[in-house]
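Take a look at the structure below.
Chains here go by letter, A, B, C, D, E and F, matching the order in which they are written, and residues are numbered from 1 within each.
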Amino acid sequence: MKFGVVVSEGPYTHQASDSAYNFVKAALENGHEVPRVFFYHDGVNVGTRLSIPPQDERNIQKNWTALAAEHDLDLVICIAAAQRRGLLDENEASRQGKDANNISEGFRISGLGQLIEMGIQTDRLMTFGD
Amino acid sequence: MSTLHTVNKSPFATGSLQSCLSHAKDGDAILMFEDGVYGATKGTTLADAVAAKGGSVTLYVLQGDADARGIAAARLIEGVTPVDYVGFVRLAADHDRTHAWL
Amino acid sequence: MDEKIKKFLYVNRKAPYGTIYALEALEVVLIGAAFDQDVSLAFLDDGVFQLVKNQKTDGIGVKNFSPTFRALGDYDVTKLFVEQESLDERGLTADDLQDIIYEDEDDDWAEKPSIRIVSRAEMADVMADQDVVLSF
Amino acid sequence: MSTLHTVNKSPFATGSLQSCLSHAKDGDAILMFEDGVYGATKGTTLADAVAAKGGSVTLYVLQGDADARGIAAARLIEGVTPVDYVGFVRLAADHDRTHAWL
Amino acid sequence: MDEKIKKFLYVNRKAPYGTIYALEALEVVLIGAAFDQDVSLAFLDDGVFQLVKNQKTDGIGVKNFSPTFRALGDYDVTKLFVEQESLDERGLTADDLQDIIYEDEDDDWAEKPSIRIVSRAEMADVMADQDVVLSF
Amino acid sequence: MKFGVVVSEGPYTHQASDSAYNFVKAALENGHEVPRVFFYHDGVNVGTRLSIPPQDERNIQKNWTALAAEHDLDLVICIAAAQRRGLLDENEASRQGKDANNISEGFRISGLGQLIEMGIQTDRLMTFGD
């Protein structure tokens, strides 16, 4: 079965991104497909490569990046939500005249259409938010 | 055609669980996870309402979230079934849609 | 699967302005309209506050996005279900909400109201009749 | 020695206003702002409780937040005073401490 | 002003783990302890859940910070006010909470409980007796 | 009178940073002092210079930066909260081996002690959060 997953809250502040990670991992390990994970609202902040969590805490971004690499996951950050919140890839940064970018390996930035498409093309849509 | 409802908020902090309870239909399932697990505990001001709904919908709680919050199995409302993440995935697959009550 | 039209429900349960969920939900609805699915919006709990008329945001320096609801008809988004009990609990009536209309192409472009006030039981039926539920 | 309590949540979404009402002392002030302004409106399931507290504490609402949410002056509970941000600052200065009910 | 000792109250009204507020509040308390002010902690509404014993977080992959509460005595943070009504509403009693103790230097280092269960009215009195209220 | 201000939520997602801005502006324009604004929890995200809000919306970061310049405000971002969430200045970035930084002009990163100090040294403490 194909699961689409929405993550609506930022890392650490809300448990949403942890719960989504645990759900996706369990789905993949049990023979299901997760064609896409869509990060919306503050969820876009999960994709920053600049976070440095305390050493005795989990590294949420690295967990997602590793899971994406292992299972060839499509981790999509909503461009509109990302622009408000200061999450950029190299392309966007240069297009917008910003002097830095902060997106992590394994994530890509794209439009809201990817969320709707995910809803159309998957069998179940899961939302993890606040 | 049934729905898996998910509730991740404490019922003492927000109205999400109550709204979910009043919209879930017979044969649906409700999974309480994250802070939602508090809704599955005995002896609270809301326990009777939750237990009563258990007659027409199936109630689940995410074990890991209950453990994190120090909720022992004995404190769960009668009829609430603990599941792990694999069980969560199975519930989502077994119902026709999922409705997250944020 | 590519050809199948799915029923999408956007569930709005939060008030506008205090948080961004209402505005960003509306942005999804506008983009989603291009995908030719069967779209409905549900407004219940504090979500009913999103549709209240006469919103004026100058005093707090944030954008007033409430006029966008009136444009939904142009995007063929014409089913806005609003829960009566949620209105009642908040001291609101249908008269407190914006007039949101659409032109019905199947009825000689007659103007019709997009807002449909439904009971809680009817809202539960609407919710149970969907393929995809997006919550905000 | 009195307190300015601030409430920025809808009382229909969270329990913050009710918790504030049950801890505010005679002579305190409560300012409802952001989504908290819904707590200042007539005809709701909570209006009687808010109005009753108005006997012992002074109730204020931030005008800009009420305007943004389409709440006309006529819809405010009797005795609730609208203030602008300058008024908010004055209230904070005039009370001995501020307690934010998040 | 530099010499004056102020009464600081840290107000905890949220459950642990679902959000980070409880953990980050505790981090403020630990840092604040170095400033030699008169510190109290209030636990009411869902904040009482923070003190529940036997928290085991392995299943959700987040850090269990509840043992830190037991270390507060070492930082001279010894006044943890917990509201009885908040416990009652949640089906909890004092027995469900961790034992948190401190050694009283004014009483021959006798071990004493840091948790003080108070009524809602007493909690209101505690709140009204502060210079600075920090809310989480 | 001296007001200390805490901002506990990120920009756009919650109204907290807007309300705090309006409060601080009104306080300063009416003869009060605001010796420090402390950004904690998701509030640290207010200080990113990489945000690009839609042109018809307010620019929260720029508003704060301008207000700070005009009134010589001390805008402090909590380092512990910032590290979890990926907010860095140049110094921190190089110390932590990160290849980019994203803090705005007018903000500085410092420790939680600055929050306590603010509570001690001001007459009133205001919290804007969720």
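As a working rule, a residue touches a chain if its C-beta (ideal position, glycine included) is under 8 Å from a C-beta of that chain, and two chains touch if they have at least 3 such contacts.
Note that this is a predicted model, so its numbers are computed, not measured.
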What is the set of chains touching both chain B and chain C? A, D
Please identify each chain that touches chain A as well as chain C. B, F
Minimum number of chain-to-chain contact steps, chain A to chain D: 2
Shared interface numbering between chain F and chain A [over half = same, under half = different]: same
By CA centroid distance, what chain is farthest from chain E? C
Greatest contact count: chains A-F
Gap in Å, rounded to a whole number, between the CA centres of chain F and chain B: 38
What is the distance, in whole Å, between the centres of chain D and chain E, each centre taken as the mean of its C-alpha atoms? 27
Approximate Å spacing (C-alpha centroids) for the pair chain A, chain B: 26
Touching two or more other chains in chain A are residues 8, 12-13, 15, 19, 22, 41, 57, 80, 84, 125, 127, 129-130
Where chain C touches two or more other chains simultaneously, the residues are 17-20, 45, 60, 62, 132-133, 135-136
Where in chain B do residues touch at least two different other chains? 8, 12-13, 15, 34-35, 64, 84, 97-98, 100, 102
State which pairs of chains touch, listing all of them. A-B, A-C, A-E, A-F, B-C, B-D, B-E, C-D, C-F, D-E, D-F, E-F
Given the complex, residues on chain B that touch chain A span 6, 8, 33-35, 64, 84-86, 88-90, 92-93, 97-98, 100, 102
For chain F, which residues count as touching chain D in their complex? 1, 3, 8, 15-16, 19, 22-23, 25-27, 29-30, 32, 123-130
Once bound in the complex, which stretches of chain C touch chain A? 1-2, 6, 8, 20-21, 24, 27-28, 31-32, 34-35, 37, 132-136
Contacts from chain E onto chain A in the complex sit at residues 17-20, 60-63
For the complex, give me every residue of chain A touching chain E. 12-15, 18-19, 21-22, 56-58, 130
